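Here subunit A shows up in two complexes: once beside subunit B, once beside subunit C.
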Partner chain A sequence: MTALFDSLQFIYAPQIINGLSIGVAVILMALGLTIIFGLLDVINMSHGEFYAAGAYLSVTLLGLDLSFWLVLVLVPVILFPAGFLIERYLIQRVFHHRDRHILTLLLTFGLAIVLEDAYRLVWGANPMRPETPISGATEFLGIYFPQYRLFLMAFGSLLILGVWWVVYKTPAGAIVRAAAYDRDMSASLGVPVKAVYALTFAFGVALAGLAGVLLAPIYSVFPTMGKDFILLAFTVVIVGGLGSIKGAVIAALLLTQLQSISSLFISPVWSDPLVFGVMVLVLMFRPAGLFGGFKNG
Partner chain B sequence: MADAAGRVIRRTEYILLAATAILFVVGLMAGDTFFFRLATESLIFGGLALAVDLLLGIVGLLSLGQALYFGFGAYVSALLLKEVAPSFWLATGAVLAASAVVGYLSSFIALRSKGVYFALITFGLAQVAAKTVYNTRELGASDGIIGIPIVVIGTPFGGLDTANAPVFFLVTLGVIALLYGLTKYLLATPMGGIWHAVRANEARLPFIGFDTLGPKRAAFTLAAMIAAVSGALYPMLRGFVSPELLYFSTSGNAVVTVVLGGVGTLIGPLFGSALLTGLRSVIGTWTEHHQILIGLIFVAVVVLAPRGIVGIAIERAKRRAGEQI
Partner chain C sequence: MKLKKAVIAVCALMGTVAVHAAEPIKIGVVTPLSGTYAPIGQQVRWGLDLAVKEINAAGGVMGRQIELLYEDEEANPAVATQKAEKLFQVSKVDFLTGTVNSGSTLAVGQLAERNNRLIATTVSFADSITGDKCSPNVFRVNARAGMQSAALAEWLAKEKPKANVFFIGPDYEMGRSTVAAFKKAAEAKGAKTVGEVFAPLDNKDYSPFFGQIRAAKPNVIYTSVAGNDTVRLFTQMSEYGVNRNVTIVGASGTVTSQNLSAIGKAAEGFVTGVGYSPKLDTPENKKFVAAFQAAYKALPDLYGADSYGVLYFYKAAAEKAGSVDTDKVRGAMRDLEWSTPQGRKKMRAGDHQAMQEMYAVTVRNGQFDIIGKVSAEAAVGPDACTRF
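Let's turn to the complex of A and B:
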């Protein structure tokens, strides 16, 4: 019996907590993706590069001796207008085309190519790692957890709740959901649909940037960091159902737990194929994901 | 195909052929190797782009993971050439057969989905394959497979040495032209008609009595085979294969090539590949950051001229002929 508890306490618990902190980060990425898709019907292939943008900006700003907490506020504030402009002046130009899905996907994909090489040009190809803003560890049930990871989980959960609250409990969220449900009807009732589109896209971009700032001290910062992370975020969004916030949260927690617990038994190298296998299974039996879009609920 | 679009495509074919012939003669006289190898590479990646265009431009399926089949062909070919026998016919024949099986089987996963889901599934499939190869020591892991022997292609008229740059260029030209001709021929068959119809309005086809899944599966398998055969030539050109061939950048570049050249024109991707390979080589002499420029060009093409270069030419010819665009 003690052996069982020991393995629970010393092997499973740290792994579950680790998985949770990754899960929270993935949710932050997936939320932006899924909201942008839910409202604009756009698959944002450059979402990973916005995440990287947040991480790189944080490296630069921290290098200017700004405090981490200030950077945490500044980066989304910088990225928000960038996202707004990209939606207004690039995405809107192909938005009304017959092949909207494919063209917007290609456009954001092109943007990703440019951004990734721009990072290499400006910051170099070598990985960088900002110092962990909160050092030390906390003892909990006899195991030590890095405090920054605990902070990440708490802060991330608050953010997720905040996003949920904005989308479902505020007038602004109601407008976004209405525009997603019926664009023309909303427009004729006086909703400035174009502005809502640009603002929502900017919101998603800022969220990805925030995830970049939060994760930079854990995963380090390098040009392809977005691409490495985005597959998991896409998988989460597909499994949860494109456009569903609830789905993204549940799928992210499920899949990251699956990854971290399975890596106790099989080489972590195989965790990507495993997660991807789950996605294929979900698509085979529930092609629209576990939960429908956010305009429905 | 006596319409405006057909005429433009025919003209582009002639222009490409004439340019190839002129450059070939000039290259031979100059005794060049570098540019022949570059041109061969552009043809090989043109074959990959052709596969992407068959799916995207004809059937309307955006594949973001065509590098999976390209890399599969390259690795199978490399292993056979190195471990079994340095035979061109064995390598290409085996790749053709194996890629037909792999393409057919993976179509059961990829074609479960439509639209953006299809794009993401193909992206994911390729990503998983790339990571698996990257982590498999038997396949050389991150180093890939090096030391692939020089291949002499046995023909009834004597051996063709692939180490001879102009000769291998002609061989590659022949293979890619064959793939191009086959695809173009299939477009004129009833199945080609259904492919076009799937792109135009997939939902309506079952109502008028046509099965769409079968033709889509055929197109997907064919595209996998085209990409794999193109990939099979790669180790003969470079003497090595590496996991980069399976990476997203390879798939992505193929999509860029197709969009730049002209979606749905088939000749456009070959044209685009020649253009991009040339551009990369020229920019590469100034800076290693050629991706930025290519990306910017790509964004500009998507925003300003989503039909691509050949597509614009077709649009103009149609307007002049008074046809509906």
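Let's turn to the complex of A and C:
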């Protein structure tokens, strides 16, 4: 009996908490992705590079001796207008084309390649890492856990709730959802649809940037870092249901727990096949994902 | 009139002859310029560029200048073979080097056999390259995993006798073979294996494995992850306190001057067996380090030093052969002794593995200090190549 409790306390509990902290990181990536898809119907392949942009900006700003908390505010503020301009001047160019999905996918994919190379030119190929803003670890019931990850889980949860609240409980969110549901009707009722699109895209980019600042101390910063979470984030968005915030949260927690717990028993190399296996099953039996898009919300 | 034409024709002919004599020797470089191993590719490039600059300034090889043709292999064997094929077939390179990923080296080695060209790796560690998968067309000028392990195991047996070792490797050829090599070397000297885990290349988060590591209660952790993966593993280990009261040792490519600053304090005390340190106290090395720093504002690491050395290896062989013909150069390379920043190296004829003195080094205040030494003969191990 004690052996069972011991293994629950010292092996499973830390593993579950660990999985949670990775899950929060994945949700932060998937949120912007699912919002941009839900509203704009655009598959943003450059989302990972915006995440990298946030991380690189944070390294640069921290290098100027700014405090981490200020940087955490500054980076999304800098990336928001950048996202706005990208939507207005790049995405809108191909947005009304018949092949919107293909063209926006290619456009954002191209943008991702350009950005990745730009990071290498500006910051070099070597990895960088900002110091963890909250150092040290907490011991709780014999489980040893880094304080920064605890902060990340708390802050990330608040952020996720905040985004959910904005989308579902505020007039601004109602306008966004209305524009997603029926663009022409919203426009005829006086919703400035074009501005809503650009602002929503910018919001998604700012979220990715924020994730970059938060995760850089744990995962370090290098030109190809954008590729890291993007596959898992896409999987989460597909499994959760494109455009669904609730779906993204639940799918992210489910998949990261699956990876975390399974890595105790089987070789970690199997964690990717496991995750993609779940995705294939969901696509086979519930092609719209576990929860429909936020148009239906 | 006729005479004038004849003179012009003769002049033109002589002109082409002169141009032909000065035609450069083309050396292809297939190395990762992007992706997780880009920092390694950067050192490879710096080392090669510096050597070419010196060799060309001193008159080239047999009067011919060396020209390097770079291709990005993205640390991906499939890409590496495509790029190498292009260099062999289209650019008609005389020699090829630069492959980093051991899988790329093996794949490009097979391609070299089909194209009847020679290649040399300056980075790949996997023992099999000069062991059971050896090729008459492949040479290795850097120290292989087994040699690094021999130096490290020697140090470990002295400093931490009867250690309980946990192994963390990246899950591909290099990771598996480095772990296997060190396990064998360490167990032969009394260490005990308490657990192992192989994580995928480019793994994001190592914390899911820390439970296993804690449960195994090691006092030494051996790892052979490289590049950005090391930054994550080391900082996450110190985040979780996994490295408290544990000595971290590893492959020579785990901590390098490229990722050391990103790892920061978490790298302190790391010990590895290696064939090079910028701190080597020899006149050749001091000259090399000074030239390297002047050119690139960075210290060379083992990749930079071995890549610098490979061109002098090729130069010595081509000059000994008096030709760039594949068979003649291969013959000249066997048992060739040449000088490098690490001192004299000798290419063993039986398996095409360079023999050199090996060192145990540790990270102290962000620099690699030499703390032990093993002779070339003791480190190199038996010749396991049976193909030629």
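General remarks:
Throughout what follows, the second predicted complex is superposed on the first by the 297 of 297 C-alpha atoms of A that agree within 3 Å, B and C clash if a C-alpha of one lies under 4 Å from a C-alpha of the other, contacts with A are read in each partner's own complex, and residues count from 1 in each chain.
We adopt the following convention: contacts are C-beta pairs under 8 Å (C-beta built on N, C-alpha and C of every residue); 3 or more make two chains touch, one makes a residue touch a chain.
What you see is a predicted model; the values in this text were computed from it and never measured.
On the superposed subunit A, the two partners subunit B and subunit C do not both fit; they clash. After overlaying the two complexes on the shared chain, residue contacts for A:W165 are found with neither subunit B nor subunit C. Shared-chain residue A:I238: touches subunit B; no touch with subunit C. When both complexes are overlaid on chain A, the residue A:Q259 reaches subunit C alone and has no touch with subunit B. Looking at the shared chain after the overlay, A:Q15 reaches subunit C, while subunit B stays out of its contact range.
In the superposed model, A:R120 lies in contact with both subunit B and subunit C. By the touch criterion stated above, A:P273 is placed in contact with subunit B alone, subunit C being left untouched.
Contacts of A:G110 after superposition on the shared chain: subunit B is touched, whereas subunit C is not.
When the shared chain is aligned, subunit B comes close enough to touch A:L283, but subunit C does not.
Remark: of the candidate stretches 60-68, 168-176 or 240-248 in subunit B, the one overlapping subunit C after superposition on chain A is 240-248. Subunit A residues 116, 120, 269, 272 lie at the interface with subunit B in one structure and with subunit C in the other.
Listing the residues of subunit C that touch subunit A in their complex gives 33-36, 38-39, 41-42, 171, 197-200, 202-205, 207-212, 214-215, 227-228, 231-232, 235-236, 239-241, 258-259, 261-264. The touching residues of subunit B, when paired with subunit A in their complex, are 56, 62, 64, 109, 112-113, 115-117, 119-121, 123-125, 127-128, 131-132, 135, 248, 252, 255-256, 259, 289, 291-292, 294-296, 298-299, 302-303, 306.
By the touch criterion given at the top, residues 43, 90, 93-94, 97, 99, 101-103, 105-107, 109-114, 116-118, 120-121, 227, 231, 234-235, 238, 242, 269, 272-273, 276, 279-280, 283-284, 287 of subunit A touch subunit B in their complex. Interface of subunit A with subunit C (complex): residues 10-11, 14-15, 18-19, 21-22, 116, 120, 125-129, 131-132, 137, 144-146, 148-149, 217-224, 228-229, 259-260, 263-264, 267-269, 271-272.
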